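A, B, C, D, E and F label the chains in the order they appear, each numbered from 1.
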Amino acid sequence: MAKSSFSKMLPHPILSLTLWAFWLLLNNTMGAGHIVLGFFLAIIIPLFTAGFWPEKVRIKAPLTLLKFLALVLWDILVANLMVAKLVLGRNDSLKPAFFHIELDIENSLGISFLSNTISLTPGTVSCDLTADGSFLLVHALHADNISELVEHIKLRYEAPLIKVFTSC
Amino acid sequence: MHLAAWSVFLPLIAGFIVLFAKAKGLLWQRVLNLLSVVVLVLLSIVLIIESSSGVHQVYLLGNWAAPFGIVLVLDQLSALMIAITSALALAALIYAIATNTDKQGAHFHVLFMLILFGLNGAFLTGDLFNLFVFFEVLLLASYGLLLHGGGRLRTKAGLHYVIINMVGATLFLFAVGALYGVLGTLNIADMATKVALLPEQDLGLVAAAGLLLLVVFGTKAALFPLYLWMPTAYSNTSASVAALFAIMTKVGLYAIIRVHGTVFGAEAGSLANYHMPWLLGLGMITLMLAAFGVMASRRLREQVSYLVLASIATMLIAVGLNNPLALSASFYYMIHSTLMAGGLFLLADIISRGRGTFKDRFESAYAMPGAVLIGAMFMYGAIAMTGIPPLSGFFGKILILSAALEHQWSGLVLAVILVAGFLMIITMARTGSLLFYKVLDSDETHNPPEDNDVSRESPNRISTITVIGLFALSPILVIFAQPITAFTESVAKQQFDSQGYIQSVLSKQPVKAEKE
Amino acid sequence: MEWLVALVIGVLTASGVYLTMRARTFPVVLGLTLLAYGVNVFLFAMGRLTIGHPAVIDPAAVNYSDPLPQALVLTAIVIAFGMTAFLIVLALKARSELGNDHVDGLDLAEDEVPLKKNAVTRAHEKYLKLIKKKRKE
Amino acid sequence: MLELVLPIAFTLLAVSILLCFLRLLKGPDLPDRLLALDTLYINAIALVVLFGIHLESSLFFEAALLIAVMGFVGTLALSKYLLRGDIME
Amino acid sequence: MTLLISNLPIVTLLPFFGAIFAARASSYNRVASAWVAAIVTLLASALLIPSSLAVFAGETVIQSWSWIPAIGLEFAFRLDGLALLFACLILGIGLLVILYARYYLAAKDSMGRFFAYLLIFMGSMLGIVLSENILQLLVFWELTSLSSFLLISYWQHRQDARDGASMALVITGGGGLALLAAVLLLGNIVGSYNLSDVLAAGELVRSDELYLPILILFLVGVFTKSAQFPFHFWLPHAMAAPTPVSAYLHSATMVKAGIFLLARFFPVFAGTPEWTWLVGGAGLITLVMGAYMALFKHDIKGLLAYSTISHLGLITLLFGFGTHLAAVAAIFHIINHATFKASLFMVAGIIDHETGSRDMRKLNGLFKYMPHTAVLAIISSAAMAGVPLLNGFLSKEMFFEQTVSAVYDAPFMIIVLILVLLAAIFAVAYSLRFIHDVFFNGDSIDLPKTPHEPPTLMRIPVDLLVLICLAVGIFPMFFVAPMLAAAVAGSLQAAPPDYSLAIWHGFNLPLVMSMVALALGVVVYMLRDRLFKWHDRRMSDLDARIIYHFIYNSITTMASAITRSFDKGSLQNAIAWIIGTAFVAGVIGFMSVASPILGPRELLPVDGVSIAAALVLIGASIMTVVFHQQRLVALVMVGVVGLIVVLLFVKFSAPDLALTQLSVEIVTIILLLLALHFLPQTSPKELGRLRISRDVIISVMSGVGVMVLSMAVMSRDFVPISDFFLANAVPGGGGTNVVNVILVDFRGTDTLGEIVVLALAGLGIYALIDGLKLYAPAHDENGLNWCEDNHPPIMQALTRLLFPLMIMVAVFIFIRGHNLPGGGFIAGLIAAVALIIQYLANGISWTAQRLRIDMHWIIGIGLLIATFTGLVSMLLGYPFMTTTYTYLTWPIVGKFEVASAFVFDLGVFLVVVGATVMILVQLGRLSDTSHKRQQHLESK
Amino acid sequence: MLDWILAALVLIGASFTLIGSIGLYKLPDFYMRLHGPTKATTLGVGAILIASVLYFSFKTDATSLHETLVTVFLFITAPVSAHLMAKSALHIKVKQVERTQSDYKI
């Protein structure tokens, strides 16, 4: 009973936490007033938006997530340098490619994270997701070996994401 | 002065109460709306009495002194405008309810209340940008009302109306902006004091902005060559809206009197009254073109629209004559023409309904039900509107003409007004003859088709009475011409006293905070 | 810098005016949007241009940009948005009532070249016919 | 040092937005123009933040934030338009 | 006694009130209307008696009340001899006509309408003759035109009646307006509109430089009303009226109104060469032409109409002579003509009534069927022809006498004499024709009815009138002298000259002329067959009506042409006019003062980014124009423009504007996309080079104009009121963001108006979309089917993630608005966009299920909050919208501000969210309803 | 030192933003152009934002971290836009360069 009313009050605790932090970041302050205000907002806003989050977000392995994020940030840095080189160089030597990645991840937020990651990292952009959510179409700016690339993505990004997101 | 402010806020509050009442059903909305309009009518009478002292009553919105805050200013002219608006609104509303016009689409009553909010606000505000805002309020409400009910021609007319007014709004902002950029203020009274002190090298900009503003107001007032929106808009909307719209052109005229009259009044140095010749000249052209339009009309509603155009042109001429007597005459004429135009639009609708599938087209139709009464009313309205004795139109015209005698263009003014009047008279005679005399003979070969008979509506008692109610004001204007002209003279005198307005606005002090 | 802004205002106005005078509703809406941009910048510029002095009171600040035109422009932007929204919906209404998107309700004005019929226009024509038929019934 | 670099940075950004604009003009397809618009939005964020540094003012931060939050909505809607015609269904 | 000091207005207004009763009475009893009319007439006559006695005693009765003092309009009446004479004619003949009409009207004619109109006319006519104030006279003058219109068109189903009526109205109404101008100018010279003053100011008027224009305008009024050349042609067409009307209006009274004015204003205008030439000339031509035309009319009423024209010409000519004696003759002839012509018309009516025809070629030998009527007709005609012992003879003799004496004064007037004689000859001829051709001359041909005598009571009015003709003709001194003397005195405003009313003045030139006229008249009539043939061949085409119709049609055509060429119903045209005018106005305004274009203000330096951004903006703006036919591309271009405008606001220290512009920009793009789906994707190409060049010129001009204007302002210094806002924002408004404080406090009413606009847009759009169904394309332009994937899952997932964050941002922006850039409006837009993204990504139904709020309520509550925040201050004795703020200190939280403006801003926030979401979602739903309809249609 | 770091960050940021635009401008087909902005700009903007964080944290007495939010939003939204643009381009069959290797035919 108490638990259910708590979960009604706080349908998405992680979200609330995020929002609280978010609020303090927004205001660029750790002032007492904003800590209190942010706290209330972090409770109220999820209540209002609860309906828009049909499935509960559970993050199983927060540490993995953090590691994953750091990895991605690094990759983005690398990607930038790489793309810069490709862009500034002779473009007719580029070997662009379209290819599908068969997905093992099922959680939609997870798929989205994967898709974003792909788009943000080395020379790839996620272009389409098949209707059943089982294949992601990716475009690569320059791909020497497509299957290697697919493997790389699956191992480096999909695997940790599967760990983090459990589907309901 | 709280009362004057209430004439603005009452329709606003009523507006959203009516919006909430939507859930309760149309009857509630009707009752609430009627009640509010009746209160407005009573309120406006009180305002006229209150303002008759000749003192400008100034209301500091937000308790900020002019020119920093927005002020509402009640003088005799604004009280008069509010009164005319309320009276017209009452008639239009009753007619709309009687003919179930309000059922033809959503939110009629809310729009109706909010247009009154915009109108009364525009009549009271003493701030140029705030005038813009109230203009936009009343315009957007008017878009909704104009389009209410839908239909091919109405939609097209609405499209034109909306786009032209959006262009107008843009011009308005250009003008306000330029005036602010030079004078550094938005308050009309403050602008006047600043213009009077402006160095020669900045005067050209103010002059340009002033004329630009004249174009804006001229568009609203339907001045040549800016009036093209007007006949189609008025002739294609629903009758009660057209009747209410009879006030819309007067808003433009009012704005010219208020803004240009104050900012470019007698004390404005080399720009004093520099807009007047334009008003007079363009007013005369408008009048002639309106008379031609009356002749060229192919539908009754169109014709009535051109008659209204002619009446506004006549007023513009009177204002352009720039003397107190002429201005007084234009106010007398405004009271007359606004109410008569409203009545005539409603009557045109009754006629159109009575003629079945022939509507208001100028073709011979079968005699309409109640033709004798309606015909008599039509004749009455035409007499009033074209300025034939013994109704008020004639007296209004005489007032204007005798005020024109001293003007250097008197001959031309006389000629234009009389010739235009003549053309309208003969055309209206032709119209009446066509609508009521030259009816198809249902006995002979042209038996009215069955379904045609069905679509011919007998005049609804309440709607007929509404028209009669408006028309009955014409003889009152004639019989009580003495007190009424005395009143309009006093209104005009107050307008010529720009200094009085300026002093009152700028000297009003905010309410001091009470001691703790 | 003022010349640049004046030029911008001028170009926005000219483009806006030209589009506003087009015969089809959608370009007119775009024209009015540009015109609104133009007049908003104009109105804003009437408070004179200032760089780096937003009108937010700060004890350290030496001067401020003129806040009044900014407030006016804010109001004007909102109003223009309301008007544009109304107009575009009205344009749809007009298309439904008039059967085309010409501002005067003409299928094809005298000085217009008919468009090549494409899949959509053909389907639309068919649809209009269907409606007509239904109205007759 | 910063004072020296900022004008250069601004110049780079100026060239950048001009390049975006050229793509916008050239197209050839709608997605190209769309991409150019999207890139302009991102350039604008850089410009605004840099401008804030230049003026030593944080009053422009929200402008950058809002461009990041809402700038993509236009792209979203335009893409959806190409996909479905009907963007809200 | 009050009756006696106000009997004149009562006499005048009585018929008007009587008209109401007459109109109502007919519903009770057919004849009741006639009774009402008769009683009213008798009553009015009785009321006039006391004042009449005073008049005969040499007084002028004036009764006046103030009316519109500003212009000198008084409610004023005057009875002198002239007025009395006319009042007697109006009432006396009126009574006879009422009696006559009661029998004349057919069973199916509406009695009520007829007598009501007749009474209105009677009152108007009385008003003309009894008015002391000439403006008031004009009121009645126009009323006679109006009532004449109604009476002529009484048989409204007849084309000739309608045409005749409108022609009469055009001519007499137009003349009335000319008269109005004359009266206004006259009053302006004299300084009063009262007749007493005007009549006393003849000298002043005649010496004024405007005398001739005024005279001409005055005479246009007179001539139109009294059917003088060249305005005579309406009168014959007015004969379409029922005959009592012709008898009353178009012979006895209304057409005499012009003549009345000649008599009335004789002391003011007469005695100048201009007067003589204009009045005399018109009278002479009318006299001769009317007499000639009368002979050739086969319709008996036509004959009488032209005869009337001719006699009116005669009277006019007499006034034109300008001498007092001539005026006496004129006034005398007015009386005589009224009596014999009224009786003749009544006879014509009887003939028409009893035979069903008025064509003299058919009517013959009626004497044997209606001898009594015939005798009456013979006597009246004789009077008309000027046969001795009848009244017509007396005045005609006086007329000849005046003509002869004019010849003595100026020998060339012999031409006038000859013409006058010619007219007299024709008068005899047509009088003879009226008798001979109708009552004798063999048998009738094809008459619809078998003729017989009329009912006795219908004949009695004729009997009485004929009796008067005889009485005056034989005993003029007894029957007419006092009246005539009084009338002459009233007209001349002086003692009457010496004149004699004796039947026998000795054997003089006038008598010879009479004899010659009688003799030659008979001869002319005998030669009529040849004359008719000659007339038909040569003269029948001569008809002023043709010219009238030509002018009338030309004016109508011109009016249409002008109207259609200006008001083409083209929006593009209208906008071009407005913008063109604005440009011209701006330029003229600027040029009207010699101001330099640029001011002395120091300008800001330019930098590279600004140039680049400006280039992008300008380029995108121009590309919008270039690509406007490819709408989606143009829309993208507009998006670019909007973005650069955001940057411009950032650059020039307007963060609030930047935020607002950005949010609005996004919403606008969505809005336009939603709409574009239902519109064609391309516009047709335009060929009209002329139009395009015109538009380019207008646009470039306005662009340059605006650029110069903005540069002119920006290069000048100014002193704005804004320092006040900067100084008072914190102490007075409690906020550091001055722009926001202006919006919610200093100028809160603007913001209130602004949210009302937004609310109205929402409601208006709701109303527009209500029931709107459009064609929603099933595939794109190229025939490509839409993508199956309506809610791409990646977009779905990430936008849901964004939702709470965006709401947080909205709250953030809202709360800080009072002190830092932001505020309710921007926050509202962010929240709205947050919601709209959900609609975009997840679909309407999905989102609506999770957001069960009617946006109407949000709007309403928002307005309510905003307004009531304003109203609360009124309760505390402050003006509307007065704000207040205070600082609170709470534990943990610390010190924070509470401001009423904040609540107001909350109202703003709600309205913005409500209206924006409502607008977009309404549009979004459109496709659903449209699709359903399409399926429905296709399934049929 | 800070000054140098700031300068470097600003310069890196601006350069990468420019490179993104260069890619947008010069790459041969739409799909390839897509890569420029989505990557280069993230780093470009990111670097400038970090510069801003450092700048305001050290120049003023309060730490300024709110710039990170811009990055957060950008990392969420920019790839979504790219994804949708690509999807729509595929849908309307925007051409790809001949040499594109593909297990997928437009």
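Rule of thumb we're sticking to: a residue touches a chain if its C-beta (ideal position, glycine included) is under 8 Å from a C-beta of that chain, and two chains touch if they have at least 3 such contacts.
Quantities reported herein were computed from a predicted structural model and do not represent experimental measurements.
Under the touch definition stated at the top, chain A and chain B share these contacting partners: E.
Taking each chain's centre as the mean of its CA atoms, A is the chain most distant from chain B. For chain F, the chain whose average C-alpha position is most distant is E.
Looking at B-E alongside B-C, one finds more C-beta pairs in contact between the chains of B-E.
For the pair chain B and chain F, the distance between mean C-alpha positions equals 58 Å. The distance from the centre of chain A to the centre of chain C, each centre being the mean of the chain's C-alpha atoms, comes to 38 Å. The distance from the centre of chain C to the centre of chain D, with each centre set as the mean of the Cα atoms, comes to 22 Å. Each chain gets a centre from the mean of its Cα atoms; for chain D and chain F, those two points are 10 Å apart.
Among all residues of chain D, those that touch two or more other chains are 10, 13, 15, 17, 20, 30, 34, 58-59, 65, 69, 71, 76, 80, 82-83.
Under the contact definition stated at the top, the residues of chain A that touch 2 or more other chains are 22, 26-28, 112, 115-116, 126.
Contacts with at least two other chains are made by residues 20, 22, 34, 36, 64, 66, 69, 73, 76-78, 80, 82-84, 86-88, 91-92 of chain F. Of all the residues in chain C, the ones that touch chain E in their complex are 1-15, 17-27, 29-30, 33-34, 37-38, 40-42, 44-58, 64-68, 70-75, 77-79, 81-86, 88-93, 95-96, 101, 103-104, 108-115, 118-121, 123-124, 127-128, 130-131, 134.
Residue ranges of chain D in contact with chain F, taken from their complex: 1-2, 4-6, 8-10, 12-13, 15-17, 19-20, 22-23, 29-32, 34-36, 38-39, 42-43, 45-46, 49-50, 52-53, 56, 58, 61, 64-65, 68-69, 71-72, 75-76, 79-80, 82-83.
Within the complex formed with chain B, the residues of chain C that make contact are 16, 20, 25, 28, 32, 35-36, 38-40, 42-43, 45-48, 68-69, 72, 75-76, 79-80, 82-83, 86-87, 90-91, 93-94, 97-98, 103-105. Contacts from chain C toward chain D in the complex involve residues 51-52, 54, 56. Here chain E touches chain C in the complex through residues 569-572, 575-576, 579, 601, 603-607, 610-611, 614, 617-618, 621-622, 624-625, 628-629, 631, 634-635, 638, 641-642, 645, 648-649, 651-657, 660-661, 664, 667-668, 671-672, 675-676, 678-688, 691, 695-696, 698-700, 702-704, 706-711, 713-715, 718, 720-722, 725-726, 729-730, 736-739, 742-743, 747, 750-751, 754-755, 757-758, 760-761, 764-765, 768-769, 772-775, 777-783, 819-821, 825, 912, 915, 919, 922-923, 926, 934, 937-938, 940, going by the rule given at the top.
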